[in-house]
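Below, each structure is written out as C-alpha cells.
First chain A sits with chain B, and in the next complex the same chain sits with chain C.
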Partner chain A sequence: MLLRSNLRLLLAQLEQLAETPYFSTRFEAYISELSDVIVRLLERLQSVDNPINLELAATLADHIWFLTRFLTGSTTKQIPYEVTFAIERAVKEWTDRELLITTAILQESNFYFMGGSEAFFAAVESELQIVIASRPVQIALPYIYRHKPLFCVPLFHELGHFVDNDNKIVDTSLLLSPATSGPDLPDLPTSAEIAALPDLERSLATAEVVSHRQEYFADLFSASYVGNALSGFLQEFCPDQPKSDSHPSSVSRDKLLADFSSGTPNPVIEMFQEALKARGLPELRARATSIALEASFGNVRPFTPASDEELFGLFESAWNFLQTQWAAPTGPWVHFPEDDRVRLVNDLTEKSIRNHMLVEGWNASIDQQ
Partner chain B sequence: MLAAATNRSSSLGLLQVVLRTVEGHGTQVSDQLRSHTIELLQQATSVVANPRAINAGTPKEAIELALHIRDVPALSTKLAAVKAFDALSPELVRDLLETLQPSAA
Partner chain C sequence: MRLLTSSELTASIADPENGIFLDPLLRSDQIGSVSIDLRVGYDFLVSVLTRRPAIELVASAGSRKRGVQSYFQETRRRLGERFVLYPHQLVLATTVEYLSLPENLYADISVRSSYARLGLGVQTSLQPGWRGTIPLELFNHGNTPVELIVGSCICQARFFEIDEKVQYVNGTMERKYFGAIRPVVSKAERDADLSILLKMGQMP
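Moving on, here comes the complex of A and B:
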C-alpha cells in the first residue's frame, strides 16, 4: 500500500514541478521521462500477468524519490549561475552523457555533488523499457556563499569525488595498486605494515587508505582546475586539521598539492594517473591559465576570460588578488574596508564569469546566423 | 534511523536485489537483467584474475564487485565458473551477498 501511495505522491509532485516556469525544455523532458517511469511502475505493480519484483520496485521508487529531491531544490531563485557554468565546463571533459545540473542551497557550511545511480537507469531500461538519456546531478553549497564564487571552490573538490565514483578511479587504483603493496600514504601505516596485519585490522587499515585516496584524488582533481585556490580556501576553512579516519592531515594534503603544482614526481600522483589511463580518462594536469588581473580587478573592473582555461584560471588568480589586497591594498583598493574587498573581489569574479558566458552566447548566436 | 538505507554511492544495489531472487525472494526479474548480472559476474572475476585488463569499457559495477571478491579467492573461482543465471546456487549467492555487506575494499 505505502509503495503505491508513495509513487502516486511522487507523480503528483513531478506534475507540479513540470509547471515550474524556471525549468528548461531539457528538464521538462527529464521530468516527463521520470513520470513515465512511475506510471509504468504502478502498472506493473498492479499487473497479474506481468508483475514486477517488489524489492526491485521499492528500490526504483526510493531512487525516484531521491532524484525528485534534485529537482525541488532548483526551483528557487537562488541559483549561482556563474559557478554552475564553470562546473559544467569542467565536468564536460569527464563524461559523454548530457548532465542536468541542479543546485541545492544549504544552511550549513557544507558542499556536495551528487548523481543518480547508473544501476537505476539500467533497471528502468531493462524492466520498464524506458530509456532516460540525460543524467541529473546536484551540487550543494551554503546559502551565504551563493554569490561568492571564490568561496565555492570546494565544489571542484566535490566534483572530483563525483568523477571518481562515476568512473571508479580510486577502486581501479586499489585493484592495480592494493593498499598492501601500493604507494605508502603519509600519516598511515606503510603497505608492508598493512599486509602484515591480521584480517580485521587489515580491513580497517585498508578502509582508511580508501578514504585518504579518495580525498587526495579530489584534491588533485580540483587543483587541475582552480590551482592553489582550493588549498588557500581550505587553510582558512579548516586550518591545521590533523589526520582522521576519513581525511589526511592538512599538512599532507598541502604537500601533495605542492608536488602536483611544481611537477615534482610523487608516487601517489603517478598511481592516479595510471588508474585514469586504464579507465581511458584524461590525465590530471593544470587546465587553468594564470591571469594578470592588475589592469582589470586592480581598477575595480571585471575581466573577460577568452577561453575555458582563463575561466578556470580566474579562480586562482582572483584568490591570489584577494589575498594581496587583503594584506596590503594598492590603488583604489586602499579606500575599501577589508570586508568590502572580500565582497568586491567575489563580485568581480562573478561578473567576469558572466562576461565569458555572454561573449560565448553572443558568438554562438552569430555562428548560427 | 527507521531502517537500513541504500548506499547510493555503491553501484551494486541492483545486483543485490537481483541476486536475492535466486534465494527465492519475490518475483523473478527480466531475462535481460539476469543476463546483465551474469555478464557482470564474469567481468568482475576477469578483473580479479587480471586487474591490468581494466579498460574504459569495464563497467563500474564490475570494478566495485571485483574489489569485494578479490580477497575471497574460493568465491571468485566459483563465480568465474558460472555461465548462466540458473546455474547460480542459493548457497553461492548467499556467500556473495555476505561478501558485499562490508564496505571496506
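Moving on, here comes the complex of A and C:
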C-alpha cells in the first residue's frame, strides 16, 4: 500500500514541479522521464502478467524520492545560478555526457555532492525500458550562502568528487599505484607498513588511503579552477582539522595545494596525473587567470570576464581582494563597515559572472537569428 | 545643470575611468538622443499580503515588529522569461545594467513611454558617485496585469552634468543601497529622524 501511495505522491509532486517555469528546458525533459518511470512502475506493480520484483520497485521509488529532493531545490528560484554556471563550465571539460546540475538549499553549514546512481539508471533501462538521457549532478549548499559565491567554492571540491566517481580516477590510481606500493600519504602508514599488515588490517588501511586520495583529488581539482580560494575558505570554515578516517588533516591538504600552486614536484600529484593520462582525461593544471581587480572592484564596479580562464580566475582574485579589504581597506572601501565589504565583494563577483553569462547568452541568441 | 546628449553620452561611456560605467550595454542603440534605455533585471521582490495590518517602521507599544523583508517574496528569472505585474502591485526590481556615475553626473530614471502606456510606473533618481544596478520600484497603475519580458528596455536614464563634484561615499552618512546588485527592501527604519519624531509624539 505505502509503496504505491508514495509513488503516486511523488508523481503528483513532479507534476507540480513541471508547472513551474524552469530555468532550463532540460529540467522539463528530466522531470518528464522521471514521471514516466513512476507511471511504468505503478503499471508493473499492478500487472498480473508482468509483475515487478517488490524489492526492486521499492529501491527505485526511494531513488526517485532522493532525486526529487534536489529538483525541488532547483525550482525555488533562489539558487545561485552564477556559481552553477561556473560549475557547468568546469565540468564540460571532463565529460561528453549531458549533465544536469540540480541544487538543494540547506538550512545547515554543509556542502555536499550526490551523484545519481548508475545502477538506478541501468535498472530503469533494463527493467522498464526507459532511457533517462541526462545525468544529475546534485549539489547542496547553505541557504545563507546563496548570494555569496566566494563562500560557495567548496562546490568545486564537491564537483571534483563527481568527476572522480564518474571517471574512476582514484580507482585507476589504485591499479597503477596500489596502497601497498603507491606514494606514501601524509598522516597515514607508509606503503611498506601497509604491505606488511595482516589481510584485515591491510584492507582497512587501504580503505583509508582510498578516502584520503579521494579528498586530495577533489582538492586538486578545485584548485585547478578556483586556486587558493578553496583553501582560504576552508581555513576559516573548518580550521585546523585533524586527520580522520575519511579526510586528511588540514595541514596536509594545505601542503599539497601549496605544492600544486607553486609547481613543486609532489608524488601524489604525479600519481593523479598518471591516472588521468591512463583514462584519457585532461591533466590537473591551473585553468584560472589571475585578475588585477583594483581598477574594477577597487572602484566598486564589476569585472567582466572575457574568457572562461578569467571566469574561474575571478574566484581566487576576488577572494584575495576580500582578504585585503578586510584587513586594510583602501580607497572608497575605507568607508564601508566589515559586513558591507563582505557583501560588496561577493555581490561584485556574482554580478561579474552574471554579466559574462548575459553577454554570452545575448551573442549566442543573435548568432541563431 | 546640463542634460547630456547622445554624442556626450557615447563619449562618456567610452571613457569609463572618468565617465559613465554601464555594464553590460548589450546594444549600442540603447543610447538615444538625450537618454539611455535600460533593461529590467532578473531578480524581483514581490510584495505579498501578510496577517499584519501594515508595514511598521518602528514597533508599536506591546507589539513585535516584523522586518520589511517579510512583506516581500524573492524570485529570480533569466533573460527572456516572463514576469507578470499585477494591478496595484508593488514589485522591487533592478536594471540589468550596473551603473557607476562620476562625481559630477546626476541621473533621473523614468519609464519609457511605451511602458507608461501599459500602466507601468517607474521613477528614481541617482546621485553623483552612485554604484550599483539601478533600483526600480515597479507599479502597475492600470487594471490589467502586464506581462514583462525580463531584459526588455522598460525605462530610460537621463544624465545631468553639475558644476561641482560631489563625494557620494565619504563616511559621513550611511549609504543604504550603495553597490546593490539586486532589489533591496526599504531601510527607512534606519532613518535617524524616526526616533526623534517618536519622542516628539510622546511629549505632552
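Everything that follows uses one rule, which is that the second predicted complex is superposed on the first by the 366 of 369 C-alpha atoms of A that agree within 3 Å, B and C clash if a C-alpha of one lies under 4 Å from a C-alpha of the other, contacts with A are read in each partner's own complex, and residues count from 1 in each chain.
The definition used in the following text is that contacts are C-beta pairs under 8 Å (C-beta built on N, C-alpha and C of every residue); 3 or more make two chains touch, one makes a residue touch a chain.
Because the structure is a prediction, the values reported are computed rather than measured.
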Contacts of A:165 with chain B and chain C, given as first, second, both or neither: first
First, second, both or neither for A:175, with chain B first and chain C second: first
Which superposed partner A:105 touches (first chain B, second chain C, both, neither): neither
First (chain B), second (chain C), both or neither touched by A:195: neither
Partner chain in contact with A:355 - chain B first, chain C second, else both or neither: second
Contacts of A:45 with chain B and chain C, given as first, second, both or neither: neither
First (chain B), second (chain C), both or neither touched by A:342: neither
Chain B versus chain C as contact partner of A:299, first or second or both or neither: second
Contact footprint of chain A on chain B as seen in their complex: 6, 8-9, 11-15, 17-18, 20-21, 25-30, 32-33, 36, 47, 51-52, 54-58, 60-61, 63-64, 66-67, 70, 102-105
Complex contact set, residues of chain C against chain A: 16-17, 21, 23-24, 26, 42, 74-82, 96, 98, 100, 131, 133, 151, 169-171, 178-182
For the chain A and chain C complex, residues of the former touching the latter: 21, 23, 77-79, 81, 147, 295, 299-302, 304, 332, 334-336, 340, 343-344, 347-348, 350-351, 354-355, 358-359, 361-362, 365
Sites on chain A touched by chain B in the complex: 51-56, 59, 62-63, 66, 114, 117-120, 122-123, 126-127, 165-168, 171-172, 174-176, 203-204, 206-207, 210, 278-281
